[in-house]
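Order as written gives the chain letters A, B and C; numbering starts at 1 within each chain.
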Amino acid sequence: MTRSSANRSLVRSHRDDVRLWRTVSPWGVGILVVLAVMAPFHTSDFQNTIAVYAGVAAIGGMGLNLLTGFTGQVSLGHAAFLAVGAYTGAYLGQELELPLLLWLPGAALAGALVGAVVGPFALRLRGNYLAIITIGLVFIAQHVFANWTSVSGGQNGRSVTAPVAVGPVDFASLEVLGRSFTRDQGFVFLVWGLVGLVALTMKNLTRSRTGLAMQAVRDRDRAAEAIGVRLARYKVLAFVLSSSLGAMAGALHGSYQRYIHPGEFSLTVSITYIAIIVIGGIGIVFGPILGALFVTLVPRLIEEISPSLPFVSTDTAGGGFMTVFSLNQAIFGLLIVLFLVLEPRGLAAMWLRLRLYFRAWPFSY
Amino acid sequence: MTDFLQLCFAGLALGARYALVALGFVVIYKATGVINFAQGAFVALGAYLAFNFRQTWGLPFAVSLVLAVLVGASIGAGTERLLLHRMVGRPLFALIMMTVGILFVLNEVITWIWGQRTLNLGDPWGQDKVTVGDVVLPVKDLWTLGLAAVVLAGFFAFFRWSDLGLAMRATALDQEAAMARGVDVKRVFTLSWAVSAGVAALAGVTLAAGPAALSPGIWLIALAAFPAMILGGLDSPGGAVIGGLLIGVVQTLTAGYQPQHLPWLGESFHVIMPYVVMIAILMVRPYGLYGTKEVVRL
Amino acid sequence: MSHPRVFRIVAIFCAASLLAAACGDDDTETGADTSVPAEDDASADTTPTTAGEPEAAAGFDGGTIRLGVLVPLSGLPSLIGNPLAAGQEAYWAYVNEELGGIAGRYQVEVVLEDTLYEINTTVQKYNKIKDNVVLFAQVMGTPHNQALLPLLRDDNIVATPASQDSMWIREQQMLPIIAPYQVDVINAIAYYLDEGGGSVDDTICAVVENDVYGEAGLEGLEFAADHNGFDLAQVSRFDLGDSDFTAQITALKNASCDLVFATALPSEFNGLITTADTLGFAPRWIGQSPSWVDVFAGTGLIGYYQEHVWIVATGPGADPTASEFHELLYSYRPDQKPDNYFVFGGYQARAVHQVLEQAIERGDLSREGIIEAMNGIKVLDFDDVIGDYGFGPPEDRDPSRLSSMFEVDPSKAFALGALKVNFTSDAAEAYEVPGGR
């Protein structure tokens, strides 16, 4: 897969050529920023909660996208990195009482280390074999954490009180201009701020030499090696970066939810992340953001409309032959199938095409 | 000593189930290069279909079994025709995800039709047993081993001596060359899915046999069969069986002896033991015990 | 684009001014945390509203009281979640229709949300309805309740966990209603030793699930062992989802156990029994109540179950005729098959009813009012259907010590026939629930 040609519009100067976002207009950015900042004021705690979980999924998804979408290493083991990050963050933030600026990078570092250990396996194994080894990784991680009771609380789970303050700014009880925010609102700012940072970093990374090397590994790895792209280096690097982002997502998840349980980091979670990048758009930086929003919002949407669907039972009296959850799962599976068949480059590609259509109008054929 | 033998037999029986599931995976992989993550759902489907024929429609058990295999096979073929066909030539992980999507949908459809409750399959083997010395051999386990052996022999004969089997082997080796020689590759693909789903149905029935053993969670065995399949080599049916038996025995022996002798490995270590073994073997033989090494053009 | 910097500055200025404007209108729906406490302080304060006619508060509009229920309504756990919630709804239907509402005045509305048995969904649903309910009349799932605990503390909301875990007993935010698992185990052993034909010289063993639930059972067993003066000869463990139990049964068989206590869930319990029958191992089995589902009575193992398996549970069982309360509950859900969880939901609702009545008497249905009401109740009364629960502030709470023993009987409701209902033992009375968090 090469970069979408929709990204490359006609450029007239070198400066335009190297800009990160070629199509940005300051007006547009300004309006978006305003809307983004204003949004949490007018949403309920419920919606904010969903936004936080979506943001966390976006960060994890961008990590996985780097590994699978850009470097072509199929990994079903993302849940393991989330677990590592969650428990490390919990330990550093609660037991060692470190501040946010230490426990979050600490968790990311732990994830990176685990990624560095797993990475070399990718050198030995390819494709299907690698995918299945990563499944094993999830189970092993679950086993380790379920048994490492001093850190994880075992099957009881553990509470997490990791502080989220950056200097004087405490996201859990934010006060700006005399107005106080709820914890959920604060977390929306924190998590989505991080999403922005990560996206920016990823955008730069994929355009850099490293990013190009990774894509070469994805497209034709043996040929890449032949022309001097060291596979060992880039495959392991991909795992390291991907797992550190996954760990970061896990740590944020733990700190927000204030409770983590080994059962939360299951194979289903790994599969959900793959779905996020597939639906969002593999190999496109902002794809996982769309994917995460989609995957987090669609179940809630389906719940909203299911009372009006006669074959769905929404309460204890039954009524339909399928439950909302069942419908959710089925739709989820169906969407994965549909996206793969009809729009393999996901929501991101749909968005890019839409944008191109409007930009090229009235010559949009 | 008796304990050891008992555990070994239980391990072989469990392993035979893994082997049947792994065989299903291998058939599809061998012909099409796809790992069918939905295999677990086909296992469950087969078991539920057998339940339907046996308990809901009251047919004799043997008939139910055969019907379940046939119907399962047709559903497998149908899935291939409808969905996998369009994915020819697409990157590996898109194929994986497609099968995952099918897994989700199939699992839900099963609960829509048959509900969530645990059911009785109604097999004739029940709790019958045969005792050899001090070791107890449940009849249903003996049947499982027998069926697995028959299936394996059938596969061997099929691949070796039949035209269709030859066609499948040719397709597995090189699709283009096979097409050039007149092999109907599309038919081969569909057939491989059909066979795989049929074998899965058989696996499902042996799994669900016994009192109150049929529940929607039955598809999870497919996850446990992964190590078996990898261990043996993704494209080797014989390897799948050997891998399955090996993993089964290793798992039961671990469950039997680890809590006493190696408790520091944690509770229920036997659950991940297959994966540990798999990783260890893959480090030494990255294509499994009997898998063929890939030769790839640059 | 010319002068991009200028545009940027203008954009930021616009953003800032819009921001200020947004800050200006204070009256948003999100400020639950900032606005509600102010109201409550006023009402919980000195000016008593007419006792019995509380002011409007979160979840209460002056006429209808709304209660939250968070259970899995889909997936495998819905087999428990559905009847659990149905029990609640049946009870409140009774209250609304027969009694005219709580205190004869206030109708009750149940706000039901499906948690999918997932922790993050439970948290999301909690946030969705917390501002619309007076309290949570039912939350299912031990880890789910644990996840909600910090949130409950922050928001000062009360929840009723649908479990027999002992960890809720000392939590201010939690409303436990029933004897913990440990008590059931202790009573079961007492029954075995007194009337069940067992003695302390027997070889007594256990097989438990590898989690909180299993640990609770084991804890009770160890207390019983201590109290009665025997040792546990063999303790085997298994995981949820295991399909092969040869190892565990072989170990138990080798220890020649006379009695095996099992803390398990249905699939695994059935697996254990099946393997035991296969291997010719037939001790006296006692299973903890969640181990049993009636579908086992329809299998070829029924003979084994009838001869060797007892179940210990709280309350008289699922039979619709077991008590007036049962008859009442089932009458509001005529299609409901006999189910222990249905009845449990009813018990929970009854407990919540008492708390709410207290609160109404005190004239305060706010968050603080509920807490005070809870702490002011001396006893949660269940009309002798299940044991009374000594209540009050968390340090004083004293759960009931009554359990019931059942044998497998396909002719009875839920295939369980009562051997002895609502009994206690010295050991159970001596058992102290751990204090503190």
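What to note about this one:
Here is the rule we use: a contact is a pair of C-beta atoms (placed from the backbone, for glycine too) under 8 Å apart; a residue touches a chain by one contact, two chains touch by 3 or more.
Computed from a predicted model, the values in this text were never measured in an experiment.
Ranked by distance of CA centroids from chain C, the top chain is B.
Taking A-C and B-C together, the chain pair joined by more C-beta contacts is A-C.
Per-chain CA centroids place chain A at a distance of 33 Å from chain B.
Separating the centre of chain A from that of chain C, both taken as means of CA atoms, is a distance of 35 Å. One inter-chain figure worth recording: chain B and chain C are separated by 39 Å, centre to centre, where each centre is the mean of the chain's CA atoms. Across the assembly, chain C contributes residues 75, 78, 210 that each touch 2 or more other chains. Counting partner chains per residue, chain B has residues 267-268, 271 touching two or more of them. Residue positions 146, 326 of chain A each touch two or more of the other chains. Contacts from chain A toward chain C in the complex involve residues 25-27, 29-31, 33-34, 37-38, 40-46, 48-50, 53, 146, 154-157, 159, 161, 177, 179-180, 182-185, 253, 257-259, 261, 263-264, 300, 303, 313-318, 323-326, 328. Residues 29, 35, 83, 86-87, 90-94, 96-98, 100-105, 107-109, 111-112, 223, 226-227, 229-230, 234, 266-269, 271-272, 275-276, 278-279, 282-283, 286-287, 294, 296, 298 of chain B are the ones that touch chain A when the two sit in their complex.
Chain B meets chain C in the complex at residues 3, 6-7, 10, 14, 116-120, 126-127, 129, 136, 138, 210-213, 215-217, 220-221, 251-252, 255-256, 259, 267-268, 270-271.
Residue ranges of chain C in contact with chain A, taken from their complex: 1, 4, 7-8, 10-12, 14-15, 18-20, 22-23, 26, 28-34, 72-75, 78, 82-83, 85-86, 89, 112, 114, 116, 119-120, 123-124, 127-131, 143, 146-147, 149-151, 154, 210-212.
Residues 68, 72, 74, 121, 124-129, 131-133, 135-136, 139-140, 143-144, 146-147, 220, 222-223, 226, 267, 271, 274-275, 278, 321-322, 326-327, 329-330, 332-337, 340-341, 344 of chain A are the ones that touch chain B when the two sit in their complex.
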